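Two complexes follow with chain A in common, the first pairing it with chain B and the second with chain C.
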Partner chain A sequence: MKKQIGVSVSRRGFVAGSAAVAAGSLGFPTIGGAQPAPVKVGFIHPVTGFVAYNGQQARLGVAMAVDDVNKAGGIKSMGGAKIEPLLGDSQSKVEVGVAEVEKMNEQGVAAYIGCYQSPVGIAASQAAAKYNTPFLIDVGASDLIVNRGLKNVFRLKPGFGVCVDQGIAALGALNTAAGGVAKSAVIVHESGEFGTGTAKLLGGKLPSIGIQVKELIAHDNPTRNFDNIALRIRSLAPEIVMMSNYQNEYVLLARTLFQQKVNLAGMFSVLGGGFNYKFIKEMPDVSQFMMDTNHWFNPKSAKAQALKKRVEDGGNLFTFEVYLAYTNVAFLADSLERAGSADKEKLLAALASSTFKAELMPYGPTQFVNGQNQGARAAVMQSLKGDIEVIAPEEFASAKAVFPKPKFS
Partner chain B sequence: MRGRALLLAAGLAAALAYPLLVPNYLITVGMLIFFTAFIGQSWNIAGGFAGQTSFGHVVFFGTGAYTSTILQVTYGWNAWLSWPAAMAAGAAVGWMIAVLSFRAGLRGSYFALITLAFAEVFRIVSNSVPFTRGGLGMLIKADPRPENFQFRDPIWIYYLALLLCIVSILIAWQLTRSRFGARLVAIRENEDAARALGIDVFTEKVKVLTLSGAMCAAGGTFYVQKYLYIDPSIAFGVEKSVEMLLVSMVGGAGTIFGPLIGSVALTGINEITRWLAGVVPALKNVQPLSLIVYGIMLMLIVARLPDGLMGLFRRSAAKPEQRRA
Partner chain C sequence: MLDPAIIFAGVLNGLLAGGIYVLVAVGLTLIYGVLHIINFAHGSLLMLAMYAVFFLWRLLGIDPYVALPLVIGGAFIFGFVLYRLLIGRFSHGRDENILLLTLGVSIVVDNAALLFFGGDTETIAVPYAGTFVELGAAFLPLPKIISFVASVLLCAGLGIYMAKSDTGKAIRALAKERHGARLVGIDVDKLFAVSYGIGIACLGAAACLLMPTFYVTPSSGYAFVLVAFTIVVLGGMGSFTGAAVGGFLIGVTESLGGLFLGEQLGQIGISLIFILILLFKPTGLFGGGR
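Coming up: the complex of A and B.
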């Protein structure tokens, strides 16, 4: 016996169906009606491994931003499509980061955001290029990331070069205003790609502001004792110590120099991985008067202050990973809105031509050249009385710099 | 014997068919399994068969990776041509370390530590000298064409990793059948007794470390052609040494298939736990789940299976009376 194929429609069913169609055609939301397909976005961060804290902070920013975009109605030009985050852990390993790209590609992501560490970002964005999928670098300072001619890579934040130029200019201005008290510097950096790259650039540019580099001191990750490096610095007697390293080593070096009472006119870092609220709140004495050129939010932005309060109310710290990840999600959402589609070509074109206003950040107008935002700027900050104050650029400054710092008694 | 040959043929057929049946992500996982098995086998030949346990095998891996990268980026060599050159460099470093260490009479834990020290020295040097671009690392320009040893379709890099793994297994198999292999086993079991039997212990140990160095360097070139970026931490970091050692120990050091079995187990656990952490709500906040499982498995193997998973298979396959014996 053949099974009858077809459905019988009752009068009640017909009326209900007709009403649903009519409501749909008029644009009213329908209960149980077809929702636009979510836009899948891959987020790859090192939530385990030696920079796990930073990766977890980035995830916090991602979660808040995705929540905000979705609560605000999703991508309106795509019928209110929600962003669906796919979370990946790079484990601080290049191979794992690339495997995450492949896995997420199978799941149909429209774009990726990541990866905190430059080597992982370089390899992962390269893997994404095979599928012509946009890759937004939220954190990753190496200029190699955007100098490869890849059309799918976008970095909203500044890289090494810009941060170093800004830092050097700010330090030069401070030193001139202080009568040129600083004549020499020692640079302490982690021995990886990030620290070495920054140190090399700093070493080349410091003489241009009248500061000679006495020595470049590299250290491993992790390093758990800086006594010998502090003794070496004391013997070299520079006026400035410049640091370029990750969270733990940054804090340990600063604490050791403080404990050993090494007198300096200033401690200055460019992209100092440990210059954040965690450090300043936990060690206000150690951090007092330290300066850093880094990613920072615009203290005069009401939106940034509101986000900071939300993050802190949740018992977390408002570190740069949080607001850079948040800003990148907002940037992607804005591009999706303008593209009106998750089609990769359209999205790439929308990203490349973006004039997105990064409200949280102290940036100029967004304009991408070879994937690098030309409006990206760092902020120069100083730890003052247990808080972080922006001291340059002037239009975003919240306090006046103290330089040289008082000597140990 | 026939059953074993059939099992091997079935395994090979499955490995060949695998990438035709699964998505790209799983092809990448398969590639990682064979690649890790290959570099693990390079360790196993020296550490497992010859008993020359090394904690710094990454020194050969990094030498291979940097040699081929420098030849390509700085001197414009073709990537395929740079591969044998990288192997030669790895062999030379293996020879040098062996001559220096064995001439000084280092063995056991002293040899293991000196290899670790060599890897550290290479890492620091590569961080400091301009021709490696120091900590900035070196980038190979992406130009995915087979003639550049770069493939758009991951299936080809998978097959290449499979080929490397097969070659390494054949080398290990040959060791179990050759006089050279027998001499290595004799050295592993009792170096003084081997010398008393007339074996030139020094020469044999130098030969095996040279061979192991060449193989591991081939793995370094393979890695850099896949990821197109190398820096001192990736090239000479201790992580890769541990990875090579672990897959061999977990699978069964001194056995032909130990590194492959170990690689399947460890890569599999890593992928499964990462997947579980992504889909099981209760595990979502257990970030280092794979590391926890990894550690527990390692403890269990060291405590219960000193001869690795291969030992477990052997015992399971043995007849009951043999098992009792």
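Coming up: the complex of A and C.
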């Protein structure tokens, strides 16, 4: 029997049926027709562990994209070859991510897509480099990912360098417009590669917009309690708190600062792990006026809006993991189409020369330099009245920013 | 040098955090004291209790503090039944089997939670979340004050129950001398299950007190259970008083360590005080010479 991934698949159902997905619509040839061999693609995400939700969201995007590609006739230049997903769980562990690469290599994958966390992506793509297998980073912010001279690594999305530059520029413009109300900042970041790297970049660049960094505060994952950090922030009295952490700690920190009534001109994050619809809808008071520079879909793209509706109709949230994973599958399918083969050299050449139009994203023209898409850019958003509004770049803006935010009475 | 007012606020924050640690640790030490096993499922069962609190709020609109008796009762029954039907039945009286069984329970519960609840972060937004009490430099959120007071009262209540009630006395007798307790007619198997149930009920209470200020994911129980293990050893394994004192001590140490050394290095303070105490008193603060 042929099992299809539903168009509006629920996340829970998806996780439960992960194995079925791998063996489902995506791979079985119909009886009587000479079907070309499917193109095996390895998807490695943390579907268990402390960022399991993010990994599951990425898988949701993968499932929808693979389904769409296959339903649309597969890779036409390869005789309609279907994409066959091999699903791997990194468990948020570097060594497990690498082991998944090795396992999938044995099964003959043509390419990998993953891994959500930068350290896992760095190690897994290095492992894939041994076999000259393309590795597409759907989510993974560290710029080290594309700065190692590896020819098999491609990142369509912006890294934290670009996101920090954009965020700093936006914050600088807001502050100037507000008469330079913000003069100092405290940066709170998770202690891994993502948070530390982003914090260092922020710390180096904030003075260029007239904001001095009073302190960088690192925390572990998980952190049980942010009371002391709130206390420290209160004693330092910065106008801005910048956050760079994963979902749980992002939400906990925001809630603690709200509960402790820490008065700030603004809370600003770059790649804030918890800035999403769920947080904004469930905690509108806590999230009100918080700003984030992050991956965001192009709100003016009809295709993005249609995908958003499909995802939400399935009872899921349209988070960046979903549309970035979806876009990367489409990008890989486009490259396979142009390569006309799953041969690794041909596929690598097609990826490197790609001008793929990422319709869902607010990106400029695609052009890869050392594996990084030069057209990639983030959006700056603000939580306003229980919704997420884009406040920059201006051509995608859906609302005017509120800065500084009103003080607690 | 830090302002004394900030240090004072740090101590208060530590005490508030310690209140929750005490509840989790008391449950753990009670189970150890009676059953002589480390309950590896402690973190998973705490997580399960937190989901129970979350769903009571989400589906029925029951405030986490109002849910206290319900969740404590439910957790007790769950622990009692879990011991009767699984742990007690299949351990065949061997401690190593109990260890493996509780480890197995934790794996099953963790993965079942991931399957049924998803990996997303779930929180409870109580209307009084933003209310706080200002005490010098300290801004103490009302939910944390309620949690602290409730935790102290619950621990005191449990302490009195263990000291005065027949069941409490029987549990203490059982903890001291298993065979002697059986000889004087105490239903040992039932009391094992009751003790396990009380230990899990403590987790139910901790879950209610945690949820207004924390979150739940399938792995969130582990954030507290590791520190609870430290407290149990520090206070003296099986010692009720040790768990209570150790909980507050670790809470304050963690808080001050964070203030003086930074949030990451601050965790060293816990290890340092742990090593120091065990160096001078290897059985822990209130541990006997078992």
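FYI, the second predicted complex is superposed on the first by the 378 of 409 C-alpha atoms of A that agree within 3 Å, B and C clash if a C-alpha of one lies under 4 Å from a C-alpha of the other, contacts with A are read in each partner's own complex, and residues count from 1 in each chain.
One rule holds for everything that comes next: a contact is a pair of C-beta atoms (placed from the backbone, for glycine too) under 8 Å apart; a residue touches a chain by one contact, two chains touch by 3 or more.
These numbers were taken from a predicted model, which means no experiment stands behind them.
By the document's definition of touching, of the two partners only chain B reaches A:Q126; chain C does not. In the superposition on chain A, the chain among chain B and chain C reaching more residues of chain A is C.
Once the two complexes are overlaid on the shared chain, A:L252 sits against chain C while remaining clear of chain B.
By the touch criterion defined above, A:A169 reaches neither chain B nor chain C. Of the two partner chains placed by superposition, A:I209 touches none, neither chain B nor chain C. Once the two complexes are laid over each other on the shared chain, residue contacts for A:A399 go to neither chain B nor chain C.
Of the two partner chains, both chain B and chain C are touched by A:S191. Legend: residue contacts after superposition of the two complexes on their common chain; A:A63 is shown touching neither chain B nor chain C. After overlaying the two complexes on the shared chain, residue contacts for A:R234 are found with chain C alone; chain B is out of touch.
Using the contact criterion defined above for the overlaid structures, shared-chain residue A:A349 touches neither chain B nor chain C, since it reaches no partner.
The intersection of chain A residues touching chain B with those touching chain C, taken from the two complexes, comprises 47-48, 52, 56, 191, 218.
Those residues of chain A that touch chain C in the shared complex are 11-12, 15-16, 47-56, 191, 217-220, 222-225, 227-232, 234-235, 247-248, 251-252, 255-256, 258-261, 274, 278, 282-283, 285-286.
Partner chain A is touched in their complex by these residues of chain B: 23-25, 27-29, 32, 124, 127-128, 134-137, 139, 141-142, 144, 152, 154, 227-229, 231-234, 239, 271, 274, 277-278, 287-288, 290-291. Contacts from chain C toward chain A in the complex involve residues 3, 6, 9-10, 13, 16-17, 111, 114-116, 118-121, 123, 125, 129-130, 132, 137-139, 141, 143-144, 213-215, 217-220, 222-224, 227, 254-255, 258-259, 262-264, 266-267. On the side of chain A, the complex with chain B involves touching residues 47-48, 52, 56, 87, 89, 91, 93-95, 98-99, 102-103, 105-106, 119, 122-123, 126, 129-130, 142, 144, 148, 150, 191-197, 200, 218, 221.
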